[in-house]
């Protein structure tokens, strides 16, 4: 089963450990980006994952590609074009001090890409699933056009489309509001992944829960899920992640799913010593796609996704470096953390 | 508004991460000291902070000065004199294992300094505030003389004086008890900063709370605060930090303030994954001075100080590397630690 | 008082910090092994500890010996023989992600050793105590023979014998079940150290407590302890460690002891930010031997052992780098983690 | 004596040690850029150096500014504007393997800056010297305009202007050839700094020496120098650096100067274990400005510059972290490298 | 053009920088082995390289495989079998202090492998070239059998066979002398790669040059080459590397080749600051295979191989991380090491 | 054969790699000191070496002692007294940039020690050799008294005394000139170790060679040696190290010896990539003592010493971490640096 994801691959420059920027003159340097993260998750679970993007042809981008290939992701669809490799700087928070991201993504190759950059007919050959996020259309008008062209092409070729709404308020600077673009794109999406803020900011659909307070009322999320499916009849499923953020180090983590019939809320995991939150949502997306393709019911699919993304909080870097067996072990109830000898 | 602080600037040699000394053959090497820490906090908040000390004229001390200047502190008042640069070795604890400090401060330039080392008339020109701690008078008789001369000169020039009592039992080795010296110095102080042990050991004023037990009875602190102001009528305000130490990694942190009229107890922060406790009290002092100079009421000033020092527990190194905006964000209630993108 | 321990000394290769294997191209490289860990604990407490093993004569093993000698352990009984130095690879877990150990111990010098490799008459001269674990007999038939020969020799020479049952299911690959071997060895043991799984898998004695659930019923452990002493009349004492594993980072830790008369359960420590669990059981063993030799009652001995091993969870590496004074401070109630200046 | 420099300040991301990119997942992260490097040199020699640039207002640029301030450079003229902070990636070569630079400077704040971004009247108040390089006009048309406006303003205010021609073939991508722009700018320059390739590519003036061969014929450089002064009568002095590159690790280093009267060739230094070549030319520029301002003859000025830049090859990072005394010691003949205790 | 290599892939544990073992408690941890090194070189040059070996199925071996795949090597022929992953410990020398290797390769999966472990018919489908070394037959009788079976199968399928004789005196411990085995294997080899010691110890063919003295007499090597081709008429070409070792840091490096008609000696490179010598011979082998497959004459092929392996001395780790363009640039004469911007 | 050395043991804080102080916020932290370095050399060669000093009783000094014990040095003679542990800060130079040492040794325990601190009768029991340096008497009057008392006691007990004159101009600050003290101490010395500057500054005996020029005239050293033995008839042997310092990275290294009869000049080693020069002289001293005790002629003894100290230049840290076999291999002519597999 071949799954295609398309989006930006960035250089991630993180200050060492829990230091603020430049307490030491060095960066931990890895790579990541929402859609690549999903592809890596799927490859880790043994799926045939292909990641498509545009990158400049330089030594830094080559290193990023080499790592993806090593992790088992098909990189044959990556185009080398004009533009930069996007960067994000990261400072990991702890306790009451939040993590901080500084974006340097302007003029990236993917932001400069257009629908013509890629040959979707070729990309989607033999593909069963296509995954994108709301980040790419936030980058530029041409990237928004590209996103829309991609989902349309996928639908035409009978490929299931999932989208993580992923609202980022500090992107969306080219003159359009998120909802203007996203409400159109989502018409070609089968499976929506979101959190509450995403629904509100990307689709203009609200619920009453207060995100900042930490305590969540799952009933409201059921209403939200139903509203989304009512508004977009093409959407067959929506999964909503439920993060209760007590501090930068301590979150509760769960999710719910609705398929038009059953509203199911997952087990909740208490994560008290978060190592790296970034990529947590993407690991949920990767887990959910795996789950929906490998289980015959949405409950197990959701539990796989939640367990997978729970583990991600204990993995440094954007990529969720866990196997399907490790996810299933936690999903099966073993969160005791006993040494595996 | 110019604020002057005077005290020792030390080399801080910390074993890497959470290692005990010399598990690895290296030290994290930074700089700090109570009064310099306060100056850095103030500079970070955009205040005009000047740090005065005596240091040897060597490459290590020059590096310390360079960093302070980079952080925006005025170092023009630093004197280069005989003596060493003081050092403290630090091993960070966690859980039930406490952090451990080994002092190597004997014969430092500041310990050898005398009232004549500095020209206070020049130092206090245009100054509005002067801050010292109980550490300097603990170093040597001449440093105690220097401290007394400094606060007297400040008062003569109409400068507000704050003092963090900061009792350190392993200093005070030159033949005087802390209370002998401090009771005299405090007569020239407007704002006292202390914890319970400080009041007892430095001023001989007790309350009944058991510091070791972790649970604090704030009522007793009101009595303590009132006793201090009654004993020292020159003191217009006292702020007392309330640390409930559940483990080396887990503290509750709050404070109270008394101005002769209102006794106010701050919000309490639960800090479960302490990164670096050292300098926590100093960051409170820096925050309090900023607060008293920038808010029109002691409640906000105290809340700023407590939020600032709460954040310090998540910053490595002596200096509290946070901005006033970051403090205000926490003070305003956002301790959820959500990623700032 | 001379205490002898005998077992394998391994190279421990750990991925940096909390990384998964090869996220960075480096290993933290230290040494350890159950019986060496016990010897180091005892040397740290000021006891005369001798560690006996077989190692190849190469630069890596020499480094391991040099470190032990530096830590005050008598290494004069180490033999240089054919075979490799065993290795274990370690990945530290956190939260719901467990630590992972990959063994590379096959064909180690100690696995190839036989009863003839060592001269027990010489080794036990002046010895008061001999400590082994259930790991050595799991390595090979010859190592099992060696273990049995060692305990017999010790008993003949009037040396007290302690054994940590230490069941490891991924060793025991040479054709015998653990219980076949251990039930014979334990007949020459005075003090048994175990956890529930050890008793079940090594001695075939069960209790009903569910190890995975985290919550423990100490009553069941009393029954277990009594059964062991009833089954092996030569055993005068059994100590059982009680680990409640809530996550890889958060364990509750206590123990109980039974001497045929009194069943005593220790204070329980909540450890919320575990730094390194590996060697935790060994640090208990080292603490217990110290306690039984230095206190006149088993309660204090057990409390010393539990406090010592509580601290181990905050020390990186196999060896428990704490002094007897540090253990006694915690044992005496000071777990507040206040900075020791 | 106040010296102003203007140009780009970049983040420098270097692979660790002598590794190729991403052999390890980290970068050594420092800052630099030709004109900032000159300012730092001058501040290190005790001069009043001011660095002017445009930078975005983010945490990374702030760290760069903080470091400059710490090094004693006046940063009050830095403007915070739209655009990115430029980056260059660096891989250090050795032996036959050359160092490799990957630029990511497009759309930087300084490339987007225009003559109106800065108030030159204010910038040059009290200034005696102004230094620029041929890098800024290579970035964009607006940066070229800015450069021309700057040198004109300086000349109008009676400020001496020096320019390091600094030809970089991989910049100059906005449609103009270097010589088109540089031939105009150099009409407002008093002191030209160059190597042979610079003269050829920036000014269209050639000599016959073969740069690649390593062996240099200084006679040809005399002709070159005379041609430049003949072509540009406003230029009163030209200094040419003479690098004989035997390998990435082994260079011979000298320079010559011509003031219209005397052609002087400096002492030659053999540097066999180059630590970091990048910034070598800038350290020559900084040394030359210091020399011309502090010696009464061009010979000493040149020898200071050559000794300063010789030392730079043994300093990591863009900035030449040496004092004037250290330069004078080498200039005075002590290159023996004996330990200074 | 598909090239297959077969041999051992090891974990390489190197002490940091130029430290002796365990001056710091860490290892630089990478992977390598003669035949894998050749495969990586070929993949770097854009060839279709396949590496075949046997490895255990554990997390360490998986990381090794992941890296190879990332580097573009086809790993589909790797078998997961019983046995360990071999290790070699490395300490890098400098000046008069030689590098030191400690092997821990016993009982590795490849040492335990037999001719039946692999299906050569499948492995050699579409293959044009097969490369092995004299290391594998040194490991064990079964590995020697495997080597012989492999070259026979290759010859039967019309695949060109190259072999690097690679004599290692501390392997060859299973009871056979190198020459007993190698003289048989070499009967199925087309291209022999060797140094003088290899010929002597592996094939029993001597020349008179003194390897230790550093100065080489190439005439003797012509005789040696001719003798080998006379002795083994199946061998069509022999290439001999000529290392003049002046110190651990300073070698001269060249090679010669003989094809039965022309004896050609390459350019000589002086390498004065060797970064990593290990894998130098393998990088020659990889370069030679590329050269013979891509140039129409043995002179260019040899010059490519020598330039490629010259560069390897400036690359850390076993793998020669250079492109064909980089090799050609040096081969074309540019060894000046000027910064590539 | 028991050899005793007495002197200061310091913490050595070195900036990482070749960085200047505080380019990174860390120090490489090891231990060393002239006399301890000699003891470690001797222990490495298998001799029974005892190191005597005074140290404070804190965690840093304990780590230093632990390392010495691990290296096989007898530390039972170390006294714990008042005072600090001395420190030296080190910055490693390269090329024309010299290494730089900043001392922080004032008020160290050994500087405060007196003849009464140690019981020489006990220290010298069974001792055959006693080694000191000219550093200890430079520290303070009491340390000078101690030194004199020590050599007198040694002579009384029939112990051979060696002294490395080791002149350090930045010590000797307590009011006496080096020659005043040293001329007295040397009257109790059997074997003098020196370089030219030492003889001149410590004993007031000059020769005409110019140390700075690099080229040495050994004839002058013969005269110098003869003058020393003529002046001090008690001295039976003098060894003079001959360092030709071409740069911080490139030295030629040899030595000469004179025993009243034969003047012998050793082989000369060219060291082009010095890793760490500090401790080079001490490694010569350690090698010479070993040589004189283990060879029957001064030529071999000297060659051993020179080879040993040649190797030290390729070892980081104060201690010369080489075995006698490694020294003998170089002494026997193998300086080719070929990999030892």
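Which chain is which? They are A, B, C, D, E and F, in the order written, and residues in each are numbered from 1.
Just so we're on the same page, a contact is a pair of C-beta atoms (placed from the backbone, for glycine too) under 8 Å apart; a residue touches a chain by one contact, two chains touch by 3 or more.
This is a predicted model, so every value here is computed, not measured.
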Just to be sure I understand the contacts, which chains border both subunit D and subunit C? A, B, E, F
Set of chains whose contacts include both subunit D and subunit A: B, C, E, F
Most distant chain from subunit C by Cα centroid: D
Superposition rotation for subunit C onto subunit E, Cα-based, multiple of 5°: 180
Subunit B and subunit D, separation of their C-alpha mean positions in angstrom: 43
Shared-contact residues (touching 2 or more other chains) in subunit D: 17, 23, 25-26, 66-67, 100, 272-273
Residue ranges of subunit B touching subunit F (in the complex, touch as defined): 13, 21-22, 25-30, 58-60, 63, 66-67, 84-85, 87, 89, 91, 100, 102, 104, 106-107
Considering only the defined contacts, which subunit F positions touch subunit D in the complex? 17-20, 23, 93-101, 103, 168-170, 212, 214, 245-250, 272-273, 277-278
Residue ranges of subunit F touching subunit C (in the complex, touch as defined): 66-72
In their complex, what parts of subunit D are in touch with subunit F? 17, 269, 271-275, 310-311, 313-317, 321-322, 326, 330, 333-341
Subunit F-facing residues of subunit A, complex: 23-26
